[in-house]
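Each of the next two complexes has chain A plus one more chain, namely chain B in the first and chain C in the second.
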Partner chain A sequence: MTREVDVIIIGGGATGAGVARDCALRGIKSLLIERGDIATGATGRNHGLLHSGARYAVTDRESAEECIKENMILRRIASHCVEQTDGLFISLPEDGLEFQAKFIDSCRAAGIRADAIDPKEALLLEPSANPEMIGAVRVPDGAVDPFRLTTANLIDAKLNGAEVLTYHKVEDFIRNQNRIEGVVVRDMHTNELKELRAQIVVNAGGIWGHDLAAKAGVTVKMLPAKGSLLIFGHRVNNVVINRCRKPADADILVPGDTISLIGTTSSKVPFNEVDNMYVTADEVDLLLREGTKLAPSLAHTRILRAYAGVRPLVASDDDPSGRSVSRGIVLLDHATRDGLEGFITITGGKLMTYRLMAEWTTDLICKKLNIKKKCKTAELKLPGSRQKEERLSKRLHTIPTAQRESVINRHGDMVERVNMGDAAHRSLVCECEEVTVGEVKYALNELDVRNLVDLRRRTRVGMGTCQGELCACRAAGIMAEAGKYCSQRAKQDLADFLNERWKGMAPVAWGDTLRESQFTTWLYDGICGLKNEKKI
Partner chain B sequence: MRFDTVIIGGGLAGLICGIHLSKRGQRCAIISSGQSALHFSSGSLDLLGTLPNSEEVESPVQALTALAEQAPNHPYARFDAERFVTLANKGAELLREAGIDVIGSAEKNHYRLTPTGAMKPTWLTFGGYVHSASPEELEWKSVALFNAEGFLDFYPQFLADEMRRKGTKCNVHTFNLPELEILRQNPTEMRSANIARIFDNEATLNELANQIASRIGDEQAVLLPAFMGINSQGNLKYLMHKLNRPVAVVATLPPSVPGLQVQTLLRRYFQELGGTYMLGDTAQGYQATQDKISALYTRNHGDIALKADNYVLATGSFFSGGLVATNTEVYEPLFKVDVCYDSEREKWYDRDLFQAQGYEEFGIATTPTFNAQRAGQPIENLYAVGAALAGFNAVKQGCGAGVSILTAIEVAEQILSKM
Partner chain C sequence: MMTEHSEFNFEQCIKCTVCTVYCPVAAVNPLFPGPKQAGPDGERLRLKDKGFFDESLKMCLNCKRCEVACPSNVRIGDIIQAARIKHSRKGPGLRERLLANTDFIGSMATPFAPLVNMTVGLKPVKMVMDKVVGIDHHRTFPRYAFGTFEGWLKRKRKKQSKFARQISYFHGCYVNYNNPQLGKDFVKVMNALGIGVQLLEKEKCCGVPLISNGLIDKARRQGEHNTALLRQSIIENNRPVVGTSTTCTFTLRDEYPHLLSIDNADIRDKIDLATRYIYRILESGEVQLHFKKNAPQRRVAYHTACHMEKLGWAYYSIALLKMIPSVELTILDSQCCGIAGTYGFKKENYPTAQAIGDTLFRKIEASGCDVVSTDCETCKWQIEMSTSKPVVHPISLLAEALE
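Right, the complex of A and B next:
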């Protein structure tokens, strides 16, 4: 089977999705390939912090400026993915106040609003912050939901002609002399191999881009840096809390939906670990120790789970040792760099700058294809963010408040595609996160869901305090009923989902988290007799 | 307040212990916070289903020697075969006296049908539940399986497909009733215990019978989720009579309606025997002299002490709060008695949720007579029973209910023997 498009994008993270959208809006026919589900790499495994740029103001002016610009753009184009919480940079007695003055100056120089406020005022703004603080600066930080953001980009890309293939892995590149002409992909479900051709192939594979580049015959030296985070069982803070000092481990606490997140640790890991990372007991202890300095109540807040992501740090081209690392956006035109036509790598950067990365990439694609169209992604709002929440809320006034707010919060104006017309569709699948049968069916029908873990990324099923105890089984039933798979596969999917949850719970399984997982074991292993046939 | 024995915990172990003591004339009190593992019952009570080496058990009695070799700290390792059978039979007898209809024996396991269609070895099954002598087949060659429309805590296709594999044809249907429409108006009401309530009304039950009758053909039996009435008994018999064929139930996701009923029946029997059941109360403190507990204090009774000759901890494991884990230790929260656990946190878990987890075997360390200890010294009048005990994996070995019942009776007899 051979297909031809203008551009093939490898990687379903925010960057890949952003490139697909940008291409689509400029009339370029693209196909996005992702070996698993969307937003499963670094995109979905970070703080979900809408950086103001303040964190980089002192050490990296360029990143800071990019952040604040993109921050303002995302507030406008992705309002349903963003929470405008603001952020505090607090100085603790051990930090002193010297850094603060320099910090404020640097922020302002980068165009970031930064107001020093009295610690008492800071505590009124964010009562969970450490009352020992001796100084506080308020900045326009926020929270961003990376799953929603990636989904919205892909919805818009598809609406404008792009295609998306999840669960397709690139096995090889089709090479003709010094030109990449396409890829050979494996359908991860059927094992079938397909040839896909395009004029340009974009490597947006995050840390996996290292191996992809090698497969294409060029070298992009990346260094996998593991960052671990903890999710707390409820929303401890409403304002992002940072430490006012040079960036270090575990110094950002971000609220998101119903939870709060602390992170990150930072350590180099070998490439053979990036596909399956476990958070260690030492990392958990470090995150807790530092986290309680930001918000003391974390010491007795239930931890829901721990997880880790890999930042794709890119070694500078002029330093073969790999010690000098670029933290900015890295766009490589392999034609000029390596003499390989038809291949582009976009990497480095951060979730905050995904749109800018996509813009640069698409500009380069346009140049190569001789297309003269301007980027519109900074102006055109994403699907979901095109109508005001108040208006949506009014239209759905018959739906119970908690459900209404949750579904609007998750899908913005795409809520109009969710059937909540009758009692059966309003019935709750997930009580923690108020996910209805109607919302689950919408995700199954329209959002490329292949299994329960995908469904969780689209709807938050199983992300609440019970971590998927009853909702997982209910959702598996609905998926099997909708013909997504047979009952045999539904059971293995259920086991996979529970094990995916357990992977995050095990590092923090004490207190209520242990109680919850003991209950899960009683229920699924004991009462249901569910078995896991896959090796972990 | 003065009692002969105070039992902390009102689940299966606490109630069985209290019933056995009360029958022999003791004045007993049970302090119960309310919920217990019975609320998540499978519809069966397991005695011993699988050995630690994963070998499935046909006869719990005959597997006892192998168990003691593989798991020397298992509570059962303290019983010889004769004692084991005596205790098990005594347990079954007490359940029947309380009005709980159970089938099965300690000599030979039978199999229960799980909600996902698996067959698991078990000891006693509550009346009305689907069960079989063999894991390979069911009693019937064709069945009609009915679920309530929109009830998500029971997925019939899992069962239908597995039953087909065992040679039983299964036709799946859904039913709807006006009473269900009312429940559905609230998005969280379509749960087993709420649905069960509508069948306490005979007219509703009759309407269900009519609907089923109009939909079935020559299937040999009718199967339903286990939500057929909560305060009423005999609903299945009524349906059997109306439909003129066997009617049986399969467990749903929690809450377990039959589990709630069993808890109620046991509690009622305990109270009929003169026991005091303090529902919604929690033990909070105690007084001790040297090696004995002399008084217990609860949240509801404030400074009024509960005094007794003997005290029994039937507080369950982590889920029920009988054991507490922090990131550095595992402890028993009331008396701080000795607990067996691994001090290295990473050894508490296996990365596969479906493998045996180290923490499941953590629990209260006891003497051969189930006395709790502090710093290795036995406390003469404090005993531990059931899920709080160390040395076994209730889920993997399929022995949770058995350990609760057998140790409860054993401790009751220890206490009686001191009189």
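Right, the complex of A and C next:
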């Protein structure tokens, strides 16, 4: 089976989704291929911090400038994915105030608003912050939901003619002399092999782009760096809290939807571990120890889970040792770099700059295809962000408050596609995050959901305090009803989902988190007879 | 593990949902999201954004049966009440003020009790109250007494001072303005035990109707006032404080610290409920009560009020009633009668209140009892309105049976 499009994009992270959208808006026919679900790599495994750029202002002026520009763009085009919380950079007695002046100057030089405020005022702004702080600077940080952001980009891409194939893995490249003409992909569900052809193939595979490049016959040297984070059970802070010092471990506490996140650690990991990230006890200790310095109440706040992501750091081309890495955007035209036509790698960067990365990539694609169209992604709002939440809320006033506000928070104006017209569709699947039957059905029908874990990324099912205890079986039931799978597969999917939840709870399994996971085990193992063979 | 880190107590919830199973409102009114949703789940959402506050939380009775059911020690009822206090945008209206200020209304009404009782009982007045104020026309206000209990006890001060052992009596608004006889019965029983009864310096309403009607600042002021009086009695004068009303007693002990942030840890254990206080004295064997011989047998059905269930003290009232030779006791299943203080008086809550109490009323009628006994005055009003049986406080039954 052979199909032909203009561009094949490999990788369903924010960058790949951004490229798909940008191409679609410029009338370029693209096909996005993802070996698993969208936003499963570094995109979905970070802080969800809408960087103001302040963190990089002192050490990396270029990144800081990119951040603040993209920050302002995302507030506008992706308002339903963004929480405009602002951020504080607090100086603790152990940090001293020396760094602060330089920090403020650097921020301002990069175009980032940075106001030194009195520690007392900072505490009024964010009561959970460490009261021992001796200084505070307010910056325009925020929170961004990477799942929503990626989903919204793909919705718009598809509306404008792009195609998306999740659970398709690139097995090989179709190469004709010095030109890449397409890829051979494996459908991960049917095991079927397909040939897909395009004029240009974009490698947006994140850390997996290292291997993809090698498959295509070129070298892109990446260095996997693990970053671990902890999720707390509820929103501890409403303003992002950072340490006002040189970037270090566990010095950012971000409020994201119903929870707060502390992170990250940083350590090199070998390539053979990138598919199975785990969080160690030492990392948990470090995160808690440093975290309580930002907000002392973290010491007695329930921890929901721990997770780790892999940053795709790229070694500079002129440094084969890999010691000098760049956190900036790396766009490689393999035609000029390696003499390989039809192949582009976009990597480095960060979630914050996904749109800019996509813009650069699409500019290059346009140049190669001789298309003269300007990028519009900085102006055109994403689906979901096109109407004000207050107006949506008024229009849906008959729906109970919690369900209404939650679904609008998650989907913005796409809520119009969610059927909540009758009591059956308004009833809850996930009680912690207020996910209704209607919302689950919308995700199943329109958002490329193949299993419960995918559903979680679209709706927050199973992301609340119960971590799947009450919602997983209900959601699996709806999926089976919708014909997504048979009851045998449903049981397997339930087990996989619960094991995936347990993986995140295991490193922090004490206190109420352990009690609750034990209760979940009784329910599923004891009452429903679901066996967890793979449980770690 | 079971640490009570005050505001974060909701994190102890493991979503077992047993609270919702025990919620009397959720069982009859689908518009109420239930204690788990309104309490720990909702609290987490409200921490994210106060816009998640839902006015349906006012459907909570504050019966605390969810807290009794909870195996994780989550203060669900407190979380819901605290959220109402913090977020409710609908301020108290005329009706709320009328129902909440039991103290003020009582002191205005008692001097003109016969006139007031007649007026509020008139059908046209009831219809006006229903249509204009929003107090359901099925309800009859408890009759006001002609003269207060405080006035009566003040006249007995000399006699009461003669007893070697003394307690302070927190009589509450109901005994003071509506049913001084219960107070008199209490004094009779205490005297029979060799204990004198004193008033607090200047007792004010415990504040529970103020709390449930959203007048929180006033509730806090009265709570602070009362706590100072309790402290004076308990610590300075070494007189424990005893109440006959479960809700007043529960409020002084637990709602003050939990909802009004009034610290009473130093005196909480010395605030007791009448039946428990008396039972413990009798159990110790120091004193004995002498009952009338050949008193006619009465079949009594005991109803456990919600706050009694929360206190966990129904046992004491039951045991005390069992001591009375002329009482043949049936114990009704512990369930809410639906009134929940001023809740059932409100027109919009009337159907819910009656639906909640329905099975209880039927059990009472089927029990063949002569009289229902309960420690709560508002349960008394509800059961008397909804069944054919009179309701008498255990202390009154006890007083009546004494020689």
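Everything that follows uses one rule, which is that the second predicted complex is superposed on the first by the 531 of 536 C-alpha atoms of A that agree within 3 Å, B and C clash if a C-alpha of one lies under 4 Å from a C-alpha of the other, contacts with A are read in each partner's own complex, and residues count from 1 in each chain.
Keep this in mind: a contact is a pair of C-beta atoms (placed from the backbone, for glycine too) under 8 Å apart; a residue touches a chain by one contact, two chains touch by 3 or more.
What you see is a predicted model; the values in this text were computed from it and never measured.
**Student:** Tell me the contact category for A:Lys246 with respect to chain B and chain C: first, second, both or neither.
**Tutor:** A:Lys246 contacts neither chain B nor chain C.
**Student:** Looking at A:Gly511, would you say it contacts chain B, chain C, both, or neither? Reply first, second, both or neither.
**Tutor:** both
**Student:** In the superposed arrangement, does A:Arg108 touch chain B (first), chain C (second), both or neither?
**Tutor:** In the superposition, A:Arg108 touches no partner, neither chain B nor chain C.
**Student:** Is A:Asp257 touching the first partner chain B, the second partner chain C, both, or neither of them?
**Tutor:** After superposing on A, A:Asp257 lies in contact with chain C but is clear of chain B.
**Student:** Identify the partner contact of A:Asn499: answer first if only chain B is touched, second if only chain C is, both if each is, neither if none is.
**Tutor:** After superposing on A, A:Asn499 lies in contact with chain B but is clear of chain C.
**Student:** Can A:Thr301 be said to touch chain B (first), chain C (second), both, or neither?
**Tutor:** Only chain C is touched by A:Thr301; chain B is not.
**Student:** Where does A:Thr436 make contact in the superposed view: on chain B (first), on chain C (second), on both, or on neither?
**Tutor:** first
**Student:** Does chain C touch more residues of chain A than chain B does, or is it the other way round?
**Tutor:** More residues of chain A are touched by B.
**Student:** Considering each complex separately, which residues of chain A are in contact with chain B in the first and with chain C in the second?
**Tutor:** 400, 431, 470, 511, 515, 519
**Student:** Could you pull out which chain A residues touch chain C in their complex?
**Tutor:** 233-235, 255, 257-258, 297, 300-302, 400-402, 405-406, 431-432, 434, 464-466, 469-470, 511-512, 515-516, 519
**Student:** Using the touch definition up top, name the residues of chain B that touch chain A in the complex.
**Tutor:** 37, 40-42, 114-116, 118-120, 149-150, 152-153, 155, 157-158, 160-161, 181, 184-185, 187-188, 190, 251, 253-254, 317-319, 321, 324-327, 345-346, 348-349, 351-355, 357, 359-360, 394-396, 398, 400
**Student:** Would you pull the chain A residues touching chain B in the complex into a rising list?
**Tutor:** Chain A reaches chain B through residues 278, 280-281, 284-285, 288, 400, 403, 423-424, 426-429, 431, 436-437, 470, 473-474, 476-478, 480-481, 486-488, 490-491, 495, 498-499, 502-503, 506, 508-511, 514-515, 517-523, 525-532, 535-536.
**Student:** Help me check something: in the complex, which residues belonging to chain C touch chain A?
**Tutor:** Checking each residue of chain C against chain A gives 1, 3, 5, 8, 10-17, 33, 36-37, 41-45, 47-49, 51-56, 72.
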